[in-house]
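The following blocks contain the structures, represented as structure tokens.
Next, two complexes with chain A in common: one pairs it with chain B, the other with chain C.
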Partner chain A sequence: MESRLLRVDLTTGECSVEVVPHAMFERWIGGSGINNWIMWEHFLTHDINCDPRGPDNIFVFGVGPLAGTGSGSGIKGRITFKSPCYGIFGDSAAGGKFPYMVRFAGFDYIAITGKAPRPVYLYLCDGEVEIRDAAHLWGKNTAEAHGALRQELGDYPSAAHTLTIGQAGEHQVGIAAVVSDASRIHARGGGGCVLGSKNLKAIAVQGSGGIRVDNPRGLLAWSRDFRQKIDQNEAIYGFKRRGTLGAVEMYQHIGSHFWRNNQGNMFRGEEVRSDNWVKKYHKYSEVCSADCYIACDGRYKIDGTESEKAKKYVGETFRRPEYLTTGSAAGALDLRDWAEVAHWGKVTNDYAIDNQDLSCSISFMMELEQRGLLSARDKGELFGRDQSLEWGNMEDVEALMHNIVHRENRFGDFFNDGPYWGALRYSEFKGENFMKYAIYGKGGASFTEEMRPFPTWMNNMAVASRGADHLKGIGLVEKFQRRDLSMKYFGRPEAADLTTPLLKGACTAVVENQVALLNSYGVCLFHWMLDPGGFTPEEYYGRAFAEITGIDRTPEELMRDGERICNLEKAFNSRLGLRREHDTVCERWMHEPCPEGMYPGKVASDMFETVLDEYYDWRGWDRKTGLQTASRLASLGLQDVAEVLAAEGALAPG
Partner chain B sequence: MITINAQYQSRFREITGVEKEFFHLEQGTVAALAAQITGKYGPLMTALLMDEDSKSLNSRGTLYLNSKGQRVYLEDDLNEGETVFFMVGIAGG
Partner chain C sequence: MSHTPQIEMVTGAIWYAAGSEIPDVEQKLYALSNQCTDCNICEVACSLVHSPDGMVNPLLARLHVDHSPQVGRKIVHPFAFVADICHHCGNPPPCAEVCPVDAFYYDPATNVAIIAQDKCIQCMECVPGCPFDVVFVAPDGELLKCDLCGGEPACVEACATRPEMSNAGKQYVRAPVLFHTDTAGYREVLQGKPEARDEVGMMQAMLKAGTVSSAA
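Up next is the complex of A and B:
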């Protein structure tokens, strides 16, 4: 397999291309693994404590080896950077056509440093690179910028595919996102802010190239088997119809939503808590990528007959909201009309801002209002006006969203990095501690689901390398109570038992390693969650990886590859000073009992420290400091990383 | 003979056309309940509920809980009056 890395220095305008050595795939697999290494190497020669909004930060885009090969599963592109909102490791994935079009344009990885003197966009086409003026795109939202680029670039040698920032990125909002083809969002961590700080409005690609694979016949056989497994799975039919919204009713039943800043965990709106409305609004299904056999995407169009509030959005069409878009709108903000939920999804994509951080920031403020903690003077200081902060009021939500996207008042400035930093800044400003109302893990906003009954999920929130996160160590074994998987992974059932801390830290570590592999292959995690390959990606997807790259590993070796990738993310954060005390979650989760649903009364503190100890043990990290050990890093072939950490006092003693 | 309340969500409800119904079982097991449900609703329900390879309940994106919030498996016993919830759910996005 041949793979190329494009390096762009926006300060000098210099572009260079390197062939990615095969040894890189041997060590880092591809996708997020290689992205991580590119960033790690960059910060060996640049100050890792740099301002993430400064020219020394790096923005890496990369695709996994499966992308664009026709395997039916390799659809994800990944961006990697030092997070401007959390100040730690940052990365985010999105599907769509852009990732494989980058490969068809002749590249697999793009590493961007420096800062352009004026707004520009990067244009890639069949191996050629240009930095072009973007003055005409600046100020446009992602849909407008994508449309303008499509028109400008025409359809030869292919339709143009884009990665763009919106107004949030232009204003260097810490939680700004990056959107591909105006619809698929790299939401977490603030990648849009990094691009905005570099004056890079977009990357546009066109290409007619192909992708060499090591064993095309072998890949075709794998692909057929994968297709067969997908087609035979009736549960996937339901997933195609509803996407992640199929989970709304299940979450309502068990009490797993995130309502009003997680003061509750069940939706109140009659319409939004059932998925019957999917039929009402659904217009047609679509695939996000030609290289996906599942096709869970859908599109809505509002004609105004659906509800009184829908009349405001007549003609609006966009992707059907995913669960977390719904969770943030119908849950965190208590919007009860589905047209408003859908509109929230569209407008956050257009602005390109993470709707998890955004909803948690707005709902923090609404809870202060609910509790009578905001006087007219407080509101004047924050908003410069007497701002209404009513739960479920879309006008209030949009006003606060606008404030953050444009950083236009004290509230917008305080909360541009999400709820943790926003609450901290507001507390300091007022000289009063409001942190008990901020919902976060490791400084990152919660994703809008209830965590307290689920100790593995809670541990994920504390230890995930990019801050509170549901996608690094997915807690499916526990949430779905998969005794069979617990037996498969550990030979014991406790990982699936919600009543004990046993194997919860272990499960985080094992699944993090698996997910690191999947993210490096470029596989969509929904494929894995629907289990076509037996929940052992090191076996099933490992075969596809071997057919493409010629790197034939045992499942055990691949799991060590996954562990190596996780350890590099950890090492990055250790260099930034993160220790055990940073692997923690917010006060509400830790001490306030889960109020309702199927598992009331649960608090994180019941099991938190025990689970964290077990996690460190499974990782081979030091319990006391949370730091990595030289011996474990050496066993993973990461002596060079250990040396860097040792030199900076970021390795466990002994 | 025991009576079990089956409650359906999402895709399960779409196939059954009802939100809930009662089944009378000679044997008080999840296997007996699954046999009655698949017998009543045919191949589509069988494909959704059962995993032919492992001869167990389909575990792909599905969840079956009793009224205590515990997942049920084919071999589990059911008590008189128990409710079993049939759900699907892959969240995220």
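Up next is the complex of A and C:
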């Protein structure tokens, strides 16, 4: 396996290239695993409690070994950093062509530290690196910056692909995102803020190199098998047509949306309740990431005839909204027109800001207004004007979004780190507790979905290393009530049963390990979710990993690799002082009964602590403190990590 | 117009004169515009199949995905992606006709013209010689032309919208982008009307397929 790591110190302008040793792949698989280790090593020599917006923070970009090799399982680039908004471990993934082109330009990993004295962008081409002036790009949104770079760099030796930040990143808004090729967004955790604080506007790559595969015949045979499995899977055809939008109807049915700051869990707008968006707006062919068989993405164009509100956006064209774009717009903010939902997706992408954090912040304010908790004076203090805060009013939404993106007034300043910190700051400012209207888990903004009836999902929200997150330990077994999978993983059916806390924490632990593996392979989670390989990445993808890298592992060994990766993320957070009390969720989820849908009356506190205990038990962590134990870390070959934790008092006693 | 000298091509033992009884290549690759999803798997698969040492590199592929297909100087469609592939012209193919060293030969298995790399002097005459711009130059100067992989093209097999994925009669119908040989069969797929069914969402499809057993 040939792989290179580029280190860039923006303060001095020094760039160095290292070969990633084979042993690194044996220990950390690749992708997010290696990213995590690069960051861990960085913070052994730098203060881990540093300001995430300071020059000491590190920004790592990495691509896993399976990405772009024709395995057909999608491709994901991963960024890893200390999160500026939540102050804990932060990472985020996105697909597209950028990660693919980074590999052809001769690098698999890029680690950026320091701070450039003026706005710059990083240019990589066939093993060469250059730090270039970006004064002409500063102030541009992601689409404009991408277009300008494409024009500037031309088509030789290949088309240019870019990773850019928008205005939110430039203003160091904590929840700012990084956008790849102007359309695919690394949203979670505030990577854009880290880049903005380093004065790095963009990374642009062009490449004509290749990726060497250990056993090409074996890989071709594997991908043939993968294709046949996909061809036989009917679920994939629906997914090809709608992507994650297919979830809209299903979630409406079971009451799993997030309506008006989770005061409800069903969409009210007639139009947005079904996925007829596809029929109305989808006008172009499906588009997909490089090296992907599914093509769940598409393009829309608004011609103004779709609805009354669509007239405002005539000619607008962009990627079609994903489920969470819809969940945040049609749910959290109660926008009821597809044109507005699509437009919301486009603006957040252009500004490069996480629409989950953003929508939860705005819906928090709207709920205060709805409850009559905002006087004219309060609004004056927050916005410097008499701001209308009406559910479903796109003008109000855009005004508040603009405030946060540009950190214009007190509201923009308070909420630039998402709803949890925003609500906390506002409560402190007013001397009154408004925390019960903020929806969060572990300090991170909620994903705009109803979680209360689903104990595994609630557990995911509480324990995910990057703060409230459903992608680290997807609770599919439970939400789709997959008894077969429960039997497969545990030999018992309880993990698929919503009425008992049994095996819920265990399910989080097992799926987290699997997802850590997939993220480290550099492939897309959707292929795995649609089941061509039987929900066992360690067996199925493990074979492709062996053909590409020559590292042949048993499924048990690979699951331990996944567990090792999860434990390193945990250790990072433990060093930052996170303990059991931080693995929690917001008051509304904990104590307010689920209002409607298929499972009314459920509250998280019913099962929360039991599930959390079980999760710690399966992880081999201490129940009382939530900390890792030396023995479990040693069994994973992480003695060095245990030593660091012990020295800082972040290891469980005994 | 000056006289074009006749070029003889060889399939090992048998020599053909241009215009003689070699039929036009029956087995061809076809691509449909505006169906391509830009996944690049055809390029990746092509480069992997043709690389002796397992190198994946789209620039070594014998077909390319055109990101902004143009008619004249006008971009026809901002989000269309079209696979540029060899049309396997009849005898003699224009690329072979301009070759000064007769480096092209017919593969007896498929009747398609192939470049003999040991004969090729990399003069690149065939690049403008091709009326469809589908003879490519690798970064190291090697001339790349589609050889149909000896009859079973890897690109067709790997295409994300391959015929199997057109899924006729099922709930989701999409025409294949890349297809090979027998056009009649595909014409049927293309012209046939999809079986009328209600469109169902992802989860419903999963429920129906029995891959999930939700309370919904």
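In this text, the second predicted complex is superposed on the first by the 652 of 654 C-alpha atoms of A that agree within 3 Å, B and C clash if a C-alpha of one lies under 4 Å from a C-alpha of the other, contacts with A are read in each partner's own complex, and residues count from 1 in each chain.
Quick note on the criterion: a residue touches a chain if its C-beta (ideal position, glycine included) is under 8 Å from a C-beta of that chain, and two chains touch if they have at least 3 such contacts.
Because the structure is predicted, anything quoted here is derived from the model rather than measured.
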So, does A:Met598 touch the first partner chain B, the second partner chain C, both, or neither? both
Which holds for A:Met250: it touches chain B only (first), chain C only (second), both, or neither? both
Please work out whether A:Asp231 is in contact with chain B alone, chain C alone, both, or neither, and reply first, second, both or neither. second
Thinking of the overlay built on chain A, is A:Glu170 touched by chain B (first), by chain C (second), by both, or by neither? neither
Return first, second, both or neither, reflecting whether A:Leu324 touches chain B, chain C, both chains, or no partner chain. first
Under the stated touch criterion, name the partner, chain B or chain C, that contacts more residues in chain A. C
What is the contact status of A:Thr69 with respect to chain B (first) and chain C (second): first, second, both, or neither? second
Go through the superposed model and pick first if A:Phe239 touches only chain B, second if only chain C, both, or neither. both
Based on the superposed arrangement, let me know which partner A:Leu525 touches: chain B (first), chain C (second), both, or neither? first
Between chain B (first) and chain C (second), which does A:Asp334 come into contact with in this model arrangement: first, second, both, or neither? neither
Dual-contact residues of chain A (chain B, chain C) 233-235, 237-239, 241-242, 244, 246-247, 249-250, 253-254, 275, 480-484, 531, 598
Of chain A, residues touching chain C in the complex: 68-70, 72, 97, 100, 104, 157-159, 208-216, 219-220, 223-224, 227, 231, 233-235, 237-242, 244, 246-250, 253-254, 275, 284-295, 299, 317, 479-484, 531, 598
Within their complex, state which residues of chain C touch chain A. 34-41, 44-45, 47-49, 51, 53-60, 67, 77-81, 139, 154, 157-158, 160-162, 164-165, 167, 170-172, 174, 199-206, 208-209, 211-216
Touching chain A in the complex: which residues of chain B? 9-11, 14, 44, 47-48, 56, 58-63, 65, 69-71, 73, 85, 87-93
Once bound in the complex, which stretches of chain A touch chain B? 232-239, 241-244, 246-247, 249-251, 253-254, 256, 275, 321-325, 327, 449, 470-471, 480-484, 496, 498, 525-526, 529-532, 598-599
